[in-house]
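First chain A sits with chain B, and in the next complex the same chain sits with chain C.
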Partner chain A sequence: MDANRSHRLRAHGLKLAHLMTLFVAMSIICLPGLWIVLNSFRPTVEIMAKPPIWIPNDLNFDNYRAMFAGAGEGGVPVVTYFMNSLIISVTSTAIAILVGMAGGYAFARYRFRGKSAIFVGLMVTRAVPGVALSLPLFIVYARIGIIDTHFGMILTYVAMNVPFTIWLIDGFFRQVPKELAEAAEIDGCTRWQAFWRVEFPVARAGIASAGIFAFLTSWNEYALASQLTRSVTSKTMPVGLLDFTSEFTLNWGGMCALAVLMIIPALVLTFLVQKHLIAGLTFGGVKG
Partner chain B sequence: MAEVHLEKVVKKYGELEVVHGIDLDIGHNEFVVFVGPSGCGKSTTLRMIAGLENISGGNIRIGDRVVNDLPPRARNISMVFQNYALYPHMSVRENLGFSLKIAGKDKAEIEAAVDEAAAILSLTPLLDRKPGELSGGQRQRVAMGRAIVRHPDVFLFDEPLSNLDAKLRTQMRVEIKKLHRKIKTTIIYVTHDQVEAMTLADRIVIMRNGSIEQQGTPLEVFANPVSTFVATFIGSPPMNLIDGVVKGGQVVFSDGTSLPVPPRYSAAEGQRVQYGVRADNIMPIGHALPPEEHMAELDMTVSLSEPLGTETILFGEISDTEIQAKMLNPRPVEPGETMRFQITLDKCHLFDAESGVSLRT
Partner chain C sequence: MFRYKLPPWLLLLLPAIIVLAAVVMLPLLLSLYSSFTPYRLTRPDSLFKWIGTYNYEKALTDSKFWAAFGRTIVLLTIALNLEMLLGLGLALLVSKVTRGQRALRTMMMFPMMFSPVLVGFQFKFIFNDNVGLVNNALQSLGITDQVIPWLVDGKLAMFSIIFAEVWTSTSVFAILILAGLYAIPKDPLEAAKVDGCTSWQTFRHITLPFIMPFIYIAMAIRSLDVARAYDIVQIMTNGGPARRTELLWTLIGRTGYVDAKMGYANAMGYTSIFLAIFFTVYFFRKLTSARNELGMGG
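This part shows the complex of A and B:
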């Protein structure tokens, strides 16, 4: 009896400790994000105050208003930056996913000469730090005249993302049993139909997650974009953040406001795709 | 009408030949079972008929068409896979109707065909579920339903029951047989389970190392195995085989005991042979079937008994070879007890010791 009770108490205690630890860990992870959101609504005086003011007493939209105001009044071309980011990220993600699907499917389903060497080669490209490429890229892009263009940035991000999407999607197609496509072929599908009507929908969840990764990589990338974009025509939002720095001052409030605008689409996208991620995991077509 | 003809069908993977020129004619509505141990080429042969593997030589004809280079969709066949291969993102209804939808049939027609197939396999209450929500037996029935919905010329089954538990397997076996009665189509069925082969087949094709070892009705291959391979593969428990030498019309075993050469078999004097006797034909006297024309008797010490209810399997030894015998109307048997056994010579077999080939005249 007593042994039972003490075990039950211990189980409760452990659970409590578990939840507390999780709470603390999550707080530490989330705090910087919250701080940014909070700062975007506060005047610079309060942000810079020492000792820090934890509980805000003056929240307003001044930073946002200033950001959207014209140049010279502290404004930056937010809408243009946003569109640049969107065009570059969406296009490069779409291309990376298409190439990744073709490549991942080939690696998962076919045997060909040099398969593992090619695969390792793709992975090795990921080992090169992006910044190390910035100077060579800059020179090449400048020579062929695609510096400061959407096309140049899309090309860069496709190259960055393709090895990763191939690797991820290969893994997901491996989990789709070969028999599904064979059954579809026997049911009257061509090879192409079997892929699009059976294998693709089954692997959709995985492809979507590869898509999120690729999108977020392009959306958040700063190091290369800061070198390869020069003007409003192609600057992405992370690069746009630099507009808030001037020779002697840093406009923290404005920066935070732009950062919040950057975070929102990423959050929305993740939520949208998350539904797919869960819906896609209803396996059970084969005995496993 | 759909006969299936294989003419010298060969399959090679690079240099490695895994199916060596198979000839086989399968009649309309016939239920043919390919059986053999793993790696014997039975699944590969089935997949070549399906069009999932291309053939390296020979011809495959379905009906009067040569289908060698036709893709699976042009062969009018359907197939049930070992792991079912149901489309996990579709409901049972969509799974069943998928082939008709691909064929561009209109909605009403698809619905009628799906309802009919669902009724045959008692799937009607499950039509709106996803495969993930079904039990193994139900998934198996959906896989069969997907196959029958299109009224194909030929049904192919690739070890469809091997993922089910023993009880369900017996049940589905009966359902498959009933299904064949109902829909009257040519069926080619692959299994490594000789019980499935015996119970389902109109004709058994026993394969070994990429060739056909023997084919015939279940009773023919059981009664007249052409080799020790077939003799030990078909029938449970497997046929007892005892090494011996022929001397003066007797087969003498290494421990000195001997049995007469069975009727209808002939062997040269001094030839090394294997003597084959099934458990059903070696029974303890007093617990046996009434004797037939040619009988022999010998003593054997029982080392182990396996009671099965209506009969008991007795384990003993003749010349260092483990023998399984069958006891009818069983009584308890203690290990170590020596009993006298009767052997029905008319049902015994003799094989050449070297080649394993039957010495039947």
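This part shows the complex of A and C:
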């Protein structure tokens, strides 16, 4: 009887410890982000108060109002930055997906010499650190005059995303049985038709998740954007965050508001595809 | 009429190859060339003066360069291992939960959505010695009444950077390892239970070998963008205080843009590129061998 009870106690204790650890871990993960969201509703004076004010007593939308009021108040053209980010990210993602689909299909369906060498070669281009790449890109772009343009940024992000989209899409096409496309070809489809009517619909979800990944990368990228964009004509939001800093002061409330604006699209997109995202990464990696 | 037909696979890969050649390979060749010149942004004609390996010799004998190099290696080693262990722990914790696992999974992915710059600013503020969240909390709880100089002291600043880096990237590991845990077949686990294995033995000899490929995928993915730490460091400390947290990337950025010594910066840039390529190729190799062990290769 006694042994039974001590065993049960231990099991309960373990369960409690498990939940406690989980709670602490999740708090560490979520708190910094929530703190930003909270601060975006507070005036900077209160955030910076010393001694600290723990229970916010002045929540309002001032930071958001100032942000959308344009260059007059606060001085940061947030709407322009948002549009820049959107145009650059969406266009570059669309192109990267098309290029990635072609490349992924080639890796999944054809056998050729030097396949793995070419594959690793493509991956390696992604590993080049942004800073190291930004120096020569800066020189080249300045020469041919596409610095500080949407086109320059789109081109850069396409190149940055292509290796990764190829990797993911390759994994998804491998999951589609070869026989499916062959059957379609026997039934009189051309290879092109077989691709669009049979293989593409099956792998569509995976391709979408590769797209989200590419979008998030371009949406959040900073190292290259900070050097290749110079003015409001092409500055993206991550670079725009720095507009809230000046040499000695920092408009923390305003910055948090922009940060929230930046996170929301990322949040929505990630939640939409989180299941495919995991599947994509694992299939692409393990079975590829 | 002469008509040479490209093989279809090459035709399909061509767009990718062209884009990468134009945006990555060509600039890299240019930077390789300029690393042999005393090129300065302010003096364009200096691009045509050949000085041989002078820049490399200068970099290799520069103690600042080696300090940054060593620090980068240390940061990567500590951060990647820590992320792997914490990610493994987190994945195990979440996989044991019976209810609300979906919600936990989505919460776990929270840091992945944050732009690295944002993470930099966020932790710059959290670790601020005067108004930061950490010091405020410690003081309000009465744990200490001193101001802890998180970002001012060299060692503490390094710790803060590693903390920020680990915070953003642990979820990548956790998510992938979790996917691995779901994919483990149930039979061997049950067989182990019947044979009387302790839970540690089961973990060590069955679970771990199975999730090893997933750990390597995570490592491969991470090694593709380790340089994202640049954004975080750049914002949090900008290499300071007094170069105590200077990494290769911040050193390169400063030399290239602030000092305008492009040639020299490119020479140092090449070392960081080789470092990144080394990490990537290493983990892709590991991934392939782990795959083959599980019989998933091909």
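Convention: the second predicted complex is superposed on the first by the 240 of 288 C-alpha atoms of A that agree within 3 Å, B and C clash if a C-alpha of one lies under 4 Å from a C-alpha of the other, contacts with A are read in each partner's own complex, and residues count from 1 in each chain.
What we mean here is this: a contact is a pair of C-beta atoms (placed from the backbone, for glycine too) under 8 Å apart; a residue touches a chain by one contact, two chains touch by 3 or more.
Bear in mind the structure is a predicted one, so any value in this text is a computation, not a measurement.
Student: Given the touch rule stated above, what does A:Thr156 touch, chain B (first), chain C (second), both, or neither?
Tutor: second
Student: Is A:Val78 touching the first partner chain B, the second partner chain C, both, or neither of them?
Tutor: It touches nothing on chain B or chain C.
Student: If you count the residues of chain A that each partner touches, which comes out higher, chain B or chain C?
Tutor: C
Student: After superposition on the shared chain, which partner residues are touched by A:Leu38: those of chain B (first), chain C (second), both, or neither?
Tutor: After superposition on chain A, A:Leu38 lies in contact with neither partner.
Student: Which partner chains sit in contact with A:Val198 here, chain B, chain C, both or neither? Use first/second/both/neither.
Tutor: Only chain B; A:Val198 stays clear of chain C.
Student: Identify the partner contact of A:Val90: answer first if only chain B is touched, second if only chain C is, both if each is, neither if none is.
Tutor: neither
Student: Identify the partner contact of A:Val131: answer first if only chain B is touched, second if only chain C is, both if each is, neither if none is.
Tutor: second
Student: If you lay the two complexes on top of each other, which residues of chain A touch chain B in one and chain C in the other?
Tutor: On chain A, the overlap between the chain B and chain C contacts is residues 282, 285-287.
Student: Under the definition above, what is the set of chain B residues touching chain A in their complex?
Tutor: Where chain B meets chain A, its residues are 50-52, 71-73, 77-79, 81-89, 98-99, 102-103, 130-134, 136, 139, 146, 150, 163.
Student: With touch defined as at the start, can you tell me which chain A residues reach chain B in the complex?
Tutor: Residues 177, 179-180, 182-191, 193, 197-198, 201-202, 204, 280, 282-288.
Student: Which stretch or stretches of chain C touch chain A in the complex?
Tutor: Residues 7-10, 12-13, 15-16, 19-20, 22-28, 30-31, 34, 89-90, 93-94, 96-97, 104-118, 121-123, 125-126, 130-131, 133, 136, 139-140, 167, 171, 175-176, 178-180, 183, 213-214, 217, 220-221, 223-228, 230-231, 234, 249-250, 252-253, 256-257, 262, 265-266, 269-270, 272-273, 276-277, 279-281, 284, 287, 291, 294, 296.
Student: Would you tell me which residues of chain A are touching chain C in their complex?
Tutor: Those in contact with chain C are residues 18, 21-22, 25-26, 28-30, 32-33, 35-36, 47-52, 54, 98-100, 102-103, 105-107, 110, 112, 118, 120, 122-137, 139-140, 155-156, 158-159, 162-164, 166, 216, 219-223, 227, 237-239, 241-242, 252, 255, 259, 262-263, 266-267, 270-271, 274, 277-279, 281-282, 285-287.
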